[in-house]
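Two complexes follow with chain A in common, the first pairing it with chain B and the second with chain C.
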Partner chain A sequence: MSTFAELLLNGISMGSVYALIALGFVVIFRATEVVNFAHASLLLAGGYVTASLHDDIGFWPALLAGIAGAALIGAAVEFLVMRRARGGDHSVLAIVTIGVDILLTTELTRRLGTDVLALGDPWGDAVLTLGPISLAHTRIAAFVAAALLITVFLLAFRYTSWGVAMRAAAESPETAALMGVRLGRVSLGAWAVAGGLAAVAALFLTVFPTPGLERATSLAAFKAFPAAILGGLDSTTGALVGGLVVGVTESLATGYQSDLAFMGRGLGDLAPYLVMVAILLVRPAGLFGTKEPARV
Partner chain B sequence: MSDLLATQAKPRRVLRRPAARTCTAAAGALLLLALPFYLDRFWLQAGLFAMAAAIGAIGINLLTGATGQLSMGHAFFLAVGAYSYCVFAADGGDGLTGLGLPTWLAVVLATLVAGGAGGLFSPIAGRLRGPYLGIATIALIFIGQHVLFNARDLTGGFNGRDVPPLSLFGLTFDDRELLVANVPFGSAEKLWYAGLVLLLGGALFARGVLRGRPGRAMNAIRDHRIAAGVIGVPVARYRAAVFVLSSMYAGLAGVLLALVFQRTVPDYFGITLSLEYLAMIVIGGLGSVSGAVVGAAFVSLLPQLLTRYSDALPLVSAPGTGGIAPGEASRYLYGAAIVAVVLFLPGGLVRVAARRRFGRKPGEER
Partner chain C sequence: MGGGTRGSPGGSPGGSASRSPGGTSGGSPGGADLVVRDLSVGYGPVRALRQVSLEVPEAAVVTVLGGNGAGKSTLLRAISRTLSFQGGATTGGTVTLGGRRIDGLAPDRVVAAGVSQVPEGRRVFARMTVADNLRAGALGASGGRVERAAALRRVHELFPVLAERAQQRAGLLSGGEQQMLAVARALMAAPKVLLLDEPSLGLAPLMAARIADTVREINAQGTSVLLVEQNAALALRLATRAYVLEVGEVTLSGPSAELAASDEVRRRYLGVVDEDAAADVPGLTPSMPRLTRWES
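Now for the complex of A and B:
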C-alpha cells in the first residue's frame, strides 16, 4: 500500500509538470489553432539556458533567465515564422513547427553532445520521509511550483484583459479583431507564455532522480503531447487532467513493471501513449475537448 | 475548316508539350537505367535510399498532402515492413523466427502486413482530423520502439537482424558478383533495377489514385471536410482507407530500405525518421507524386552529399571533430528548407517549375 501511495504521489508530481507543458501547448492552440510540435525544443532551450548560466549567476537568476530565454525564443518563432505563415492549412502550419523543431533541436543537441548537465537546483537529492512514504524534495517542489503557476495562469486567463483577449481570440478571431483585440499580440503572448512554462517544466524534468539535462530530455517532453490531446486540445482543464493522467500512469507502470513483465521492459515510457489511444478510441475529441459545431 | 480553326486557336506550346515531355521522360529513364554501369557503390546506395524514401514519401503524401491528415507514425510502418520481410523471408538459421517463404512473396506479405497495421489504427485514423491525428500517431512510434526492443524472437532486439537478400526468377540480389557488359554487378547494382521498378509502379499507382475519383474525394476532404461529407464522400472511410494505403507504401519502402541496408536496427525507426518524411513532402510539394519524389531525393541525398564532401565544404567537418557534423548540417538545411518553403514557396519545389504553367493561387484557406 505504501508503495502505491508513493507511486501515486510521484505520479501526481510528474503529472503536474506534464500539465505545465500541456498547458502551454493548449494556450498556443487556442490562440492560433496551431499544433506546436516545436514545444519539446522550447523546453530544451529553457533548460539549456538555465544549465549553462547557473554556475555564474546562481540558480534563481539562471532559472529566470531560462524562463525569459524560452519565452523569447517562443516569441521569436511566432514573430519570424508563424506570423508570416498565418492563414495556411492547419496541417501545413503544424509541419512548419516541425521544421522549427528540427532546427532548434539540432542546434541544442549539438551543443549538448553527450553531456549531462546539472541545473544546480537547491533541492539536491534530499528525501522527505513521512511514516512509510518517502518523497524526494524535488518532487514536492515540482508539485508546488506547478500548482502555483497553473493557478496564477488560470486566474490571469479569467480576470486580466490579456486573458479575456486570448479567450475572445480563441472563440472567434474575426469578431475579436473587430472588437479591437490585436490578434498578433495575442498569439505572440501565447507563444511567450508557453515557452516560459516549458522552461519551468524543463527544470523539474531534469532534477533528481533524473540525471540532468541531456538529449533525451526532449523525448520526455513528448509525453506532454498525449497529455494535451487526451484532455482535449482546446481545453485548459483538459491539459491539467491529461497531465495528471499521464504522470500517474507512467509512474504506476514503471513502479509495477516487474508485475507486468509480460509486456516487456520500459513499459513506463509507453503507458501514457496506450492510455491516450484508448481514450481517443472512446472520445475522439479528448476528455474535455469540445466537439466543434460546424456551420455549413 | 472548323478543325483547322480549333487547332489554330490552341497555343502551339500545348500541342508540342506532350512530345517534349515524352522525350525528356525517355531520356531520364535511359539515364536511370544506365547509371549502374558508371556509378560506384556509394552513389548507387545513395540513389537506392532516395528511391526507398521516395516510395515512402509518396505514401505519406497521399495521406498528409492530398487528404490533409498529418501522420508522425510513418516510421512505424516502415519498421513493420522491414521486419515483416525479415520474418517471412528468413530461414530461421540465426535463432530468430523465420518462415522461410520465397522472398518475392515475403515482399508482398510484408507490404500487406504494414497495411494491416494501418488498418488496426483505422478507428482512430478515420475519426481524427489533421493535427490531432499527428499527435495520436506519435503513439505508434513509441509502441513500435517498444515492440522492436522487446519482441526479440521477431526483431532481434537492440542488435536488429540480418535481412535475407531478395531473389527473383533465380537471380539473387546479393553481393555475389555478376558481370554484365564487363561491369561487376553487386547487390547495389541489381537492387537499383528492383528499386526502379518498385518506385515506378508505386508512382503510377499513386498518380492513378490521385487523378481518379478517390483523389478528388481526398482533396475534397482536405479542403473542406463537411462539404465533402455533404456531397456524399464517406469521410471516415476515406480517411481510414488512405491511412491503410499510405502504410502499405511505407511498408514497401521499409522492405527496400532493409534490402539496401542488409540489416535492420530498431534505432533507425525513431521519431526523427517520421519527421524526415514530413520534411520530404513539404519541401518537394504537398499532394503530388512528383513532389514526394523530388523531396525524397533532396532530403535523403543531402546528408550523403555533405558526408562525401565534408572536407571540401566550409563549416562542415567530419563527425567527432567538434564542428558541425554532416548529419547535423543536413538537418539544419532541411529544417530551414521546411520553413523557407512554407513561407516563400507554397507548393514546394515542384511548384516552382510548374508555376508558370498554372497560375494557381497557393494556400486557399479551408
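Now for the complex of A and C:
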C-alpha cells in the first residue's frame, strides 16, 4: 500500500511538471492554432541557461535567467519565423516548428555534448519520510511550484486584459482584430509564456532523482505531448488533467513493472501513449477539447 | 417601435428622416466625418469593390443597401482593415475619419481612431461570458479605466438584459440577445462611428425592430452609424442618406426619403418587403411572392 501511495505521489508531482509543459503547448495552440513541436528545444534551452549560470550567480538568479532566456527564445522564434508566415496554413507552420526544433536542439546538443549538467538546485537528494512513505524534497518542490504557477496562469487567463485578449483571439482571430486586439502581440506573448513555463519544467525534469540536464532531457519533454493531446489541445483544464494522467500512469507503470513483466520492459515510457490512444478512441477531441465541426 | 411602424408605416420614414438631422447634424462637418473615396478592393484577381465613394457625416445614420455579394461586408472590412483575413486587399482609394486617413492603419489603430464594427452574423465570443465579451470590446479603446466603466454603464442602460446575464456564456444567449451583445461589445470602445453589418439578419421581426430602436438611440447619443442592410425598409426608415451597392459599385445614392420614393428602389428592395410600397406599384405583385407585413 505504501508503495502505491509513494508511486501515486511521485506520479502527481511528475504530472504537474508535465502539465506545465502541456500548458505551454495549449497556450500556443490557442493563440495561433499552431502545434508547437519546438517546445522540447525551448525547454532544453531554458535548462541550459540555468545550468551554465548557476555557478556564477547562484541558483535563483540563474533560474530567473533561464526562464527569461527561454521566454526570449520563444518570442524570437515567433517574431523571426512564425510571424513571417502568419496567415499561412497552420499545418505548414507546425512543420516549420519542427525545423526550428531541429536547429535549436542541434545547437544545444553541440554545446552539451555528453555532459550531464547539474542545475544547482537547493533541494539536493534530501528525502522526506512520513511513516512508511518517503518522498524526495525535489518532488514536493516540483508539485508546489507547478501548482503555484498554474494557478497564477489560470487567474491571469481569466481576469486580466491579456487573458481576455488571448481567449478572444483563440475563439476568432478576425473578430478579435475588430475589437482592437493586436494578434501579433497575443501570439508573441503566448510563445514567451510557453518558453518561461518550459524553463521551469526543465528544472524539475533534471533534479534528483534524475542525474541532470543532458541531451535526453528534451525527450522527457515529449511526454507532455500525450498529456496535451489527451486533455484536448485547446483546453487549459485538459492540459492539467492530461499532465496528471500521464504522470501517474508513467509512475505506476514503472513502479509495478515487475508485475507486468509479460508486457516486456520499459512499459513506463510507453504507458502514457497507450492511455492517450485509449482516450482518443473514446473521445477524439480529447477529454476537454472542443469538438470542431469541420466546415468545408 | 413595433407599435410605431404598425400604426403608420408610410409616415415613419419621414419621421425618422427629420429626426436624425434635427437632433444631430446641426454641428456641420467636424471631427468625425467618415469619408470613403474611390475605394477599390480585390480578393486576388476578383474585384469586389470598384471606386466606391460614400460619406457618413458626423452623427448621421447612413445606410448601404444591396443584395448578397454586392460588396457590403467587403466595404466594412475595408474600413476596419480586416480584409487580409479573407485574402483581400484594397487596391485604391482612401478612407478618412475627420480628415485623417485611416486606410493604412492596422485594425487596432482603426478601433482606437474611433471606428468600431459589429460584424455580420454577430460573432460573439461564444465560449466567453457576456461580461468578458464586453471586456474584449474595450480592449481596443483608447480610454482608461474611467472611460471603460462609463462605456459599460452606457451599454447596460441600453441593454439591461446584458447586465442580468453578465456571467452567462454568450453562446447560450438567444439570437437577439447575441446581436445586442455584439452591438454593446462594439460600443465598449466608445466609437465615433459604428459600422453595423446586417444587424437584423436572422432575427425575429420584433427583435429586428428593437435593434432598430437601439440604433436610433445610439445615434441620438452622438455616434454616427453606417448601416449595411438587406432589409431595405428597415434601413431606409433609420437612415438619412442611403447608397445602393450593386456588384461592387454604387449605383444609386441620395437622401433615404428620396430613395424610398424612387421606383427603382421600391421595386427592387422594398417591393417584397414593404406591403405599402408594393401596393403603390401597380401590376407588380403577380410575379413576386407577397409576404405579409412582419409586425402585423
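Quick notes
Going forward, the second predicted complex is superposed on the first by the 292 of 296 C-alpha atoms of A that agree within 3 Å, B and C clash if a C-alpha of one lies under 4 Å from a C-alpha of the other, contacts with A are read in each partner's own complex, and residues count from 1 in each chain.
Note that a residue touches a chain if its C-beta (ideal position, glycine included) is under 8 Å from a C-beta of that chain, and two chains touch if they have at least 3 such contacts.
The model shown is predicted, which means the values in this text are computed figures rather than measured ones.
When both complexes are overlaid on chain A, chain B and chain C end up sitting side by side without clashing. Looking at the superposition, the partner that touches the larger set of chain A residues, chain B or chain C, turns out to be B.
In the superposition on chain A, A:Asp89 makes contact with chain B only, while chain C stays out of contact range. Of the two partner chains placed by the overlay, only chain C lies in contact with A:Ala165; chain B stays clear of it. Applying the stated contact rule after C-alpha superposition, one finds that A:Met276 touches chain B and leaves chain C untouched.
Draw one line from the C-alpha centre of chain A to that of chain B and another to that of chain C; the angle between them is 90°, to the nearest 10. Looking at the shared chain after the overlay, A:Leu233 reaches chain B, while chain C stays out of its contact range. The gap separating chain B from chain C at its narrowest, counted between C-alpha atoms of the superposed chains, is 8 angstrom. On chain A, the surface touched by chain B in one complex and the surface touched by chain C in the other have residues 87 in common. By the touch criterion given at the top, residues 87, 161, 164-165, 167-168, 171-182, 290 of chain A touch chain C in their complex.
The part of chain A that touches chain B in the complex is made up of residues 35, 37, 81, 84-85, 87-92, 94-96, 98-103, 106-107, 110, 222, 225-226, 228-229, 233, 264-267, 269-270, 273-274, 276-277, 280-281, 284, 294, 296.
Contact residues of chain B toward chain A in the complex are 64, 68-70, 123-124, 127-128, 130-132, 134-136, 138-139, 142-143, 146-147, 149-151, 222, 226-227, 230, 271, 275, 278-279, 282, 286, 324-325, 328, 331-332, 334-339, 342-343, 346, 363, 365-366. Contact residues on chain C toward chain A in their complex (touch as defined above): 80, 82, 84-85, 106-108, 111-112, 116-117, 119, 123, 125-128, 132, 135-137, 139-141, 185-186, 189.
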